[in-house]
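Per-chain residue numbering starts at 1, and chain names A, B, C and D are given in the order in which the chains are listed.
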Amino acid sequence: MIRKEICKIISQKLIAENIYELTVKAEMVHDITEPGQFVHIRVGNGLDPLLRRPISISSYDVTEEQFTMIYRKDGKGTSQLASRVPGMELDILGPLGNGFPINEASIGETALLVGGGIGVPPLYELAKQLTAKGVKVINVLGFQAESAVFYEQEFSELGETYVATADGSYGVKGFVTDVIKDLQFDCVYSCGPTPMLRALEQQYSHKKMFLSLEERMGCGVGACFACVCKKVDDPSGASYKKVCSDGPVFRAGEVII
Amino acid sequence: MSRLHVELPGLSLKNPIIPASGCFGFGREYSQFYDLSILGAIMIKATTAEPRFGNPTPRVAETSAGMLNAIGLQNPGLEKVVSEELPWLSQYDVPIIANVAGSLEEDYVKVAREISKAPNVHALELNISCPNVKTGGIAFGTIPEVAMQLTRRVKEVSEVPVYVKLSPNVTNIVEMAKAVEDGGADGITMINTLVGMRLNLKTGKPILANRTGGLSGPAVKPVAIRMVYEVSQAVNIPIIGMGGIESAEDVIEFFYAGASAVAVGTANFVNPFVCPEIIEQLPELLNQLGFEHISECTGRSWK
Amino acid sequence: MSRLHVELPGLSLKNPIIPASGCFGFGREYSQFYDLSILGAIMIKATTAEPRFGNPTPRVAETSAGMLNAIGLQNPGLEKVVSEELPWLSQYDVPIIANVAGSLEEDYVKVAREISKAPNVHALELNISCPNVKTGGIAFGTIPEVAMQLTRRVKEVSEVPVYVKLSPNVTNIVEMAKAVEDGGADGITMINTLVGMRLNLKTGKPILANRTGGLSGPAVKPVAIRMVYEVSQAVNIPIIGMGGIESAEDVIEFFYAGASAVAVGTANFVNPFVCPEIIEQLPELLNQLGFEHISECTGRSWK
Amino acid sequence: MIRKEICKIISQKLIAENIYELTVKAEMVHDITEPGQFVHIRVGNGLDPLLRRPISISSYDVTEEQFTMIYRKDGKGTSQLASRVPGMELDILGPLGNGFPINEASIGETALLVGGGIGVPPLYELAKQLTAKGVKVINVLGFQAESAVFYEQEFSELGETYVATADGSYGVKGFVTDVIKDLQFDCVYSCGPTPMLRALEQQYSHKKMFLSLEERMGCGVGACFACVCKKVDDPSGASYKKVCSDGPVFRAGEVII
């Protein structure tokens, strides 16, 4: 069930340059079905900004009834969000969409988790759940520069973790794909910039792979057709998938990215 | 009879609150939030003869108190709407207003003829004003004679009353309204979106893949109110008003301007419960303002 | 030469930031806040042949991210503007763009002839788009032939380059732009306000005494950007863009769309220091975006 | 000099039904020249609401560098204003306009101060200054109902004070004019609804009188011509006064109200 809930902010922390970790109290955690789902946040009470902002759930705790998001302060909405302090309330719609299917990785297998920048957060809950289930995870996290790196420690506690930075200021210099070429794994889960997802899809087309896409959204629930992508099996036709309600996670090869 | 009940050609509405076309899909998504039977009616997504994918993404961009969209009339096509969406909607006790679009006159005629046969379609809304499609749309909506002719053709084949949806992107909205009235329209719905654009600060390029898009939301309300005010004084057919409605107060403002019912679009994205909330708040607002029935508000600005 | 310096017909601008006509009076009030010489130019309040009181009050109403005004071209009249306001302004090192209005062609011609002789008037801005006056204004701004003819007549008598200010309340803005270019306009300024209206919830009547008014402010920016984008590709004369500008980022967006300078209107009311603040912020923004000179931004959305 | 100043809120109190008393710290108090001037407040940081709101200065303290306003929570702007708490900041433009000329009342004379509803506040500072100077004040305050009455005590400390309520729930039943007809005075200062000002002007046309007007405003500083009124001596012509910069206080008979 999707809820529209007024959620109290439990904590808000700056964890890297312009990167915030925000935890809220929310009954909607009971409806979260998979890691990789997202919520749609109304940042202001008035008209400025007007639209909600989609942000992934990066981890959640059913017992405590709270969940955490990690986001980059960027435009108007996320800047306002960053100014909110514990005790304040947020109007949140969620949980939305379909996340990463953890059942596609079997016990004893190795899952490669590839995150790029602000695509890293939803992989954290995924890594937790896969590990808990008995799947080995290898985490490859790409960032622009050292100042943007976050959650390396958290991921390391769950599995082998590699960090790449575009400018080489930390970890391996280069892209996540530079790291992956030397790794062994059974399946891939990824979230990050479209060029990264595309590269993965091309280079590992033989692997079972799940990709989380991003698209500008209106409604967030499947009603406005803002966030569609074409299906691979019918590229010119009228069939499509909606990132908000069919995704954001798709099996590689299902939709054109 | 309820204080919110409104009778319009083909439409017996429990209340005058209607989700606007394109902002409510075919109802499935919002049925997760509330019982669709509480709505006055539902304006479904534009339907064309053939399925359409629409425009490339990004398709939406935010603006101050508004948004731009360039969906491009994506829809599953007449056949599927008639065979799947409308039957699904028939489980609810709510009249459907079918938004009809096309590129050529024949397209409109074909869709109108077929879709008007569906038992729960109580009226058509001729979309002659979509700013996001290359052919058809905009010419139909900006040249009075073309709009009149199209209305006439559609009226000939439709089994239900026909409302024509006007574009605000014209020099003279009254002229357009009179033309569709002369063409036999049973009512007018207005306004569709204003053509607008946003550019990406970093790249310099348009945010929307389609470059331009349609502006909706609270930003356009003053333009919509002005146009409803002008048109309602010039025609003798009812108006379903829309453009930036997000509260019961906004609904009353449209009634004062001359509307007999309203549609709510963009606000559904901001608050999925906006329609039921407005319906619930209206009686109390009527009390405060001293009206027995909402229809007393219609045209008060000029009557 | 400064990174913000812009050369336009008749205008050598220190920077492309100009307070918009009607939002800055004749400069006296804002001279309390800062030295007017830092501005690129000043567009003074519309001047008519005779003094005008304008419309009854209320003359302004707020809307979502915008405002409506129906001032009705109040001004002290040509004689007083030439004998008092312009000489007062000449103490500042800033070119004046004189906004010229009227009801009849002769009125425009008369004002243009006289006001263009003032030494600090470096350009005229023909206001053929004021939505708040009964006669003249709107017809001049919506019929291409009429606009062309007026432009031609004014060009004959003006001693300085003539910019024509376009109304956004038209079906086809490009057609209007081309008409005034054909009429000999040296540049285009756009957009004037969109016609809108607000009703009082309690009385049901329009908030503005004039009933309708002109919508300005951030709400209209996407419409303005779209129009500048369309027009700049269709004409060979420069555009001074305006409509909802309130930040350096907005300025760049107008340049990307195709503007060569901009005007700032409503934002002055919100923040009297908005013009100097934007002028100060622009160089740093150019750095961030990687431009040496602001003119490099012009038309980037379509070039 | 008019300043645009970021002012810290010192206190905000509900003093009658929907009536708030707001005190801010502001250097602009040094520029206040007369009681009856006003300020223009930017209520939100963003675009909602867009325009500033004009509110009168009801009293000020140069030593403490603070001033007080009293306003009615009504539409969007004043509702938002009412939600602000001490410590928060407000963007205020002021002091604006011309207030009540206290020099027009001589020592030993009696000044009648007539306030209606939300027109009462600016008279408070006026009453203080007139009394301090040695002018006797009689205050007549009109309200809708008992629940809306405020500052009766404060005014009483400065002079004879009468309260009238439209519904008779407190004080004299009726309008301020019903009270005034039995009073003796030399000059009148008034602020309130236009019909009240008009009635005063008609009934006491022989008295020296100063009236504070209200008009919807754009700029608040005289640039936009939103707030004009016609001059009595040239009713059809083009001469005018601006409420924001020539007023809000005018000598009775100067402008058409």
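To be clear about the criterion, a residue touches a chain if its C-beta (ideal position, glycine included) is under 8 Å from a C-beta of that chain, and two chains touch if they have at least 3 such contacts.
Owing to the predicted nature of the structure, the values given are computational and were not obtained by experimental measurement.
Colleague: By the contact definition above, name the pair with the higher C-beta contact count: A-C or A-B.
Modeller: Pair with more contacting C-beta pairs, A-C versus A-B: A-B.
Colleague: Can you tell me which chain lies farthest from subunit C, using the average of the Cα atoms as each chain's centre?
Modeller: It is A whose centre lies farthest from that of subunit C.
Colleague: Averaged over CA atoms, how far is the centre of subunit B from the centre of subunit D? Could you give it in whole Å?
Modeller: Here subunit B and subunit D have centroids separated by 46 Å.
Colleague: How many Å are there between the centre of subunit A and the centre of subunit D, using C-alpha atoms for each centre?
Modeller: 55
Colleague: In whole angstrom, what separates the CA-based centres of subunit A and subunit B?
Modeller: Distance between chain centres, rounded to whole Å: 35 Å.
Colleague: Please set out, as single numbers or ranges, the residues of subunit C touching at least two other chains.
Modeller: Counting only residues that touch two or more other chains, subunit C contributes 63-66, 217-218.
Colleague: Pull out every residue in subunit D that's touching 2 or more other chains.
Modeller: If we look for residues of subunit D contacting two or more partner chains, we find 47-48.
Colleague: Think of each chain as a node with edges to the chains it touches; is that a line, ring, star, complete or other?
Modeller: Chain contacts: complete, every pair touches.
Colleague: Taking the complex as given, what residues does subunit B use to touch subunit C?
Modeller: Residues 63-66, 68, 142, 169-171, 194-199, 201-202, 204-206, 211-212, 215, 217-223, 225-226, 229, 244, 249, 252-253, 256-257, 289, 297, 300-301 of subunit B touch subunit C in their complex.
Colleague: Considering the complex alone, what residue numbers of subunit C touch subunit D?
Modeller: Contact set of subunit C toward subunit D: 22-25, 28-30, 32-33, 45, 50-54, 57-67, 69, 71, 74, 76-77, 207, 217-218, 266, 268-273.
Colleague: Which of the residues in subunit A come into contact with subunit D in the complex?
Modeller: 44, 46-48
Colleague: Hey, which residues of subunit B end up touching subunit D in the complex?
Modeller: 64-65
Colleague: Can you list the residues on subunit A that touch subunit B in the complex?
Modeller: Listed in rising order, the residues of subunit A that touch subunit B are 1-2, 4, 42, 47-52, 93, 215-230, 237-240, 245.
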